[in-house]
Amino acid sequence: MSQSTGQVQEQIRAKAKELLEQRQVQCVIGYEMGSRGQVRPAFIYQADDVDRLVWNQGCTHNLTLYLHDKKKPAKKGEQPPRVAIVVKPCDSRDLNVLLAETQIERERVYVIGVTCEGILKGAGFGKQSEIRNPKSEIQDRCLRCNERVPVVYDVLIGEPPQIDIQDDFADVAKLEAMTPVERVAFWLKQYDRCIRCYACRQVCPGCYCNVCMFERDDSLWVGIATGVKEKEFFHLGRAYHLAARCVECNECERVCPMELPLSLLNRKLAKEVRELFQFRAGVEPVKAPLLTMLAEGEEPLI
Amino acid sequence: MTGNGHDPMRPYLGRLVGTRPLGTDIKLFQIELTEPAGQQHFSYYQPGQFAFVSALGVGEAPFGITSIPSQGLLEFGVAKLGSVTGALHSLEVGEMMGVRGPLGNWFPMDEIKGKNIVVLGGGIGGAPLRPVVNSILEHRNEYGYLTILWAARNPSLLVFTDEYETWQSAPDTELHLTVDRGDEPWKAAGRNEGLITQLLEKVAPSPQNAVTITCGPPIMIHFASLTLKKLGYSLDQMWTTLEARMHCGIGKCGRCNMGEKLVCADGPVFRQDQVAGFLESFL
Amino acid sequence: MKVITREALKTWLDRLAGETALFAPRSVDGIILYRPVTGSSEIVFDYARPKMSAKEVIFPSTDNIVSIEKQGKDVTLAEPPLERKQVIFGLRPCDAHGISVLDAVYIGREPVDASYARRREATTLVGLSCPQMWEGCFCTSMGGAPDDPSHVDVLLTAVVGGYTVNAVTEKGQAIIAGLELRELTGDPPRPTLGETVPVLPTERWPERFTDRYWDLLAERCIGCRVCTYVCPTCRCFDVRDEVAERRTSYARYDRLRCWDACTSPNYRVTAGGHNPRPTKGTRLRNRFFCKFYYMSQDYGATGCVGCGRCIEACPVNIDIVEMLHDVSKASAAVEVTA
């Protein structure tokens, strides 16, 4: 652990302690050390517990997911809780998405923004995956990330690294180099492994429908079988629903037990959105251009 | 393999031979089983048992059997709430359906012989209780006094209205009706308005040598048992039938558990002293 | 001990692949899974545990219970298909133990589930001992062992030059009949054992039901189904009729049975909209209580074989071993104060 990482950790703890002691928030959502050397999400309710909070290069989780759990009051008639949340730059973009979609209220969230040097491969999982991904490597999504400072915060902790990275969508280029026939074959081979566990959807802060349209009891849009056709429909449909809303945090790909290259779907659509609308999800708290209603008298693009 | 080699997940085929409205969005279905195996299986069943009824091609759902075997036809009362019940309601007489069962345990009709019986039915919860009443009436002199309290949110949701006359006119039997909110004719006739618990306190049947059988929304079962306690009933006098989302009905799919109790296989009929000991609340 | 050489084993497996549906650990885009193989060259022999259990060979993630054919007004239900003989090779003892637990649910308690029973009857289990316990494994704490022969028909254990062959059941004797086996003195090596985990006795679990622990543990749960789907003993399913084929006056619907998970938010939602398990805490509690209490009450088997897959798979480090430690500590604390 570098000295700056240790300092960041101390500052997070100090801020959490202050917020809880002063009753500015009821809960601090951050990271803690779990079992087997893993980092995991932490929910701190007492000032005495803030030493559970950690900050290191294993803090891979996008904690904005848990803001959906804090939307309702603990008891009827009460106000929803005020929470503090630790966010990396990528996570902070999800805050803007959720703000624009009125899923969270800005006044109810105290944002502890942390600058980021990149997260390690194998983070979030135990030693089994270390065999696959040596711990000294930085995740691919971080290698192409130029934003090392959160886009929204109430307090900013850490020194941003001096980097200049251009995201040239090299990951998507490999996909685009395939012929349509090759591309279909590639994806059907991936979907075949999918077990429809919905981990990708559940970990995504952008997926918050009470009843997912791909999981309806009446099978209206897609059946529940684990056939390739059904899984293709689910993954493509979900990717389209996230177009211009996905902040590319890559958690979907990390959590997939069958190691589907899910980020490629979202990244491909993110590239299209950049080119078509010059838009990137979460940079500002505005709705995705695909969701924006046309005002009276406005002409559609096409 | 089971003794008769029957696959308990495979439905028996039956023909819908009759329907009639029981209330707003509630229909009675009369089914004639067409396969010998199905006819044999359903030749005998007890009040309280249930079956999975299929809208073949859409799905199946569990319903209390509302007929008694001597009627000859298998009857179910179905409220239209979701995709399966919606599909069932769209069936025309003559169409084929599927039935799996009879499943579950049953009300202890033998054990309660000689006792006074209080039947409490709320809304569509009346459907599993109708065979209890009709069973008692079929063997009237084997049972004591019968008090029936029948309730619904409004008059259009009171089920089996065409049988009230028969019930009321049976010896040593009284029927009381109440609705949460009456319509104009109901109010004009001065009939009961209020919850079944209020009616129960008013009628106040004696707990002496009595048992109660309650079916309705979970919250109604809960409050009815509180009122019964107030009236001096102990939990081991109170019988009920519980509902939970089910997918197999045969104790395999794991869905309907309340703690370690499987509603489909250990129930759905339970006594309230058992229910009080449930790890998971039935509410 | 009876020993088969690696070469003879591969010859045997090639023959089995021709005669039966052979399932064995195979690399699927780098992930080891129990999958159909057409020959021994596809089989991986050196692995820890496949990512998924073997339950899908007998309890598929999508299963056709019955096909419903509608021709005009006529309806017929199709006869079930004949089950092809199948063999699972390379089955880890924990996964075999998991199949025994599913047997207790589907066959051990009346009524017998016909499609599971058919498939189970047609399946022979050829186990492969683990040389050690892997990260997250605690089979020895759940009544098993890395070389436990209790739940397989045949158990192979690696030795120098080949494998010992231990036929445990009649099915096992039958499948190894005619194999060239050498008789050697000695016993196969015992595996290296791992951690022991305290498991609260079944009857003491109800004491822990109302603990706030479950809500706190479940706060980080994301409500996916990974733990349930990788687990050898989880067996909840959903049933749905779906269109398989539709023409003008003919339609075929398949009544499908598909895996489901009690961790899913809408698992218990009724048609009226009520959800008796509305919180992640109540759902996660149900998951662990089902494993360590309900299943023993309902089927006489504990719903955990100590394979450790859920530990590896959970994206947020909900660690069943950690939970077992915590639950034992909580009960011990109560004992001290009582």
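Letters A, B and C mark the chains in the order given here, with residues in each chain numbered from 1 onward.
To be clear about the criterion, contacts are C-beta pairs under 8 Å (C-beta built on N, C-alpha and C of every residue); 3 or more make two chains touch, one makes a residue touch a chain.
Just so we're clear, the structure is a prediction, and the values are computed from it rather than from any experiment.
*Asks:* Which chains does subunit B share as contact partners with subunit C?
*Replies:* A
*Asks:* Pick the chain whose C-alpha centre of mass, unweighted, sits closest to the average of all protein C-alpha coordinates shown.
*Replies:* Closest chain centre to the overall C-alpha centroid: C.
*Asks:* Have a look at A-C versus A-B and report the one with more C-beta pairs in contact.
*Replies:* Answer by contact count: A-C.
*Asks:* Greatest Cα-centroid separation from subunit C: which chain?
*Replies:* Relative to subunit C, the chain whose C-alpha centre sits farthest away is B.
*Asks:* Just how far, in Å, is the C-alpha centre of subunit C from the one of subunit B?
*Replies:* 38
*Asks:* Measuring from the mean C-alpha position of subunit A to the mean C-alpha position of subunit B, what distance in angstrom results?
*Replies:* That gives a centre separation of 48 Å.
*Asks:* Starting from the mean Cα coordinates of subunit A and subunit C, work out the distance between those two points in Å.
*Replies:* Computed from C-alpha means, the inter-chain centre distance equals 32 Å.
*Asks:* Residues of subunit B touching 2+ other chains?
*Replies:* Where subunit B meets two or more other chains at a single residue, that happens at 82.
*Asks:* Which parts of subunit A, given as residue numbers and ranges, touch two or more other chains?
*Replies:* Residues of subunit A never touch two or more of the other chains.
*Asks:* Which subunit C residues touch at least two other chains?
*Replies:* Residues 238, 240 of subunit C each touch two or more of the other chains.
*Asks:* If you look only at subunit A, which of its residues touch subunit C in the complex?
*Replies:* Listed in rising order, the residues are 34-36, 38-43, 61, 65-66, 69, 124-129, 132, 189-190, 193, 195-199, 201-203, 210-211, 215, 219, 223-227, 251, 254-255, 257-259.
*Asks:* Using the touch definition from the top, list the residues of subunit B that touch subunit C in their complex.
*Replies:* 1-2, 5-11, 13, 54-61, 81-82, 84-85, 94-96, 98, 218, 243-245, 247-248, 250-255, 257, 259-260, 262, 265, 279-283
*Asks:* Write out the stretch or stretches of subunit A touching subunit B in their complex.
*Replies:* Spelled out, the residues of subunit A in touch with subunit B are 217-218.
*Asks:* Which positions of subunit C touch subunit B when the two form their complex?
*Replies:* These residues of subunit C touch subunit B: 65-66, 68, 70, 73-75, 77, 80, 105-106, 109-115, 117, 206, 209, 235-241, 243, 251, 253, 255, 257, 260, 262, 267-272, 274, 276, 286, 289-290, 293-294, 297-298.
*Asks:* Enumerate the contact residues on subunit C facing subunit A in the complex.
*Replies:* 28-31, 48, 51-52, 61-62, 134-136, 216, 219-220, 222-226, 228-230, 238, 240, 242, 256, 258-259, 264, 266, 280, 311-313, 315-317, 319, 321-322
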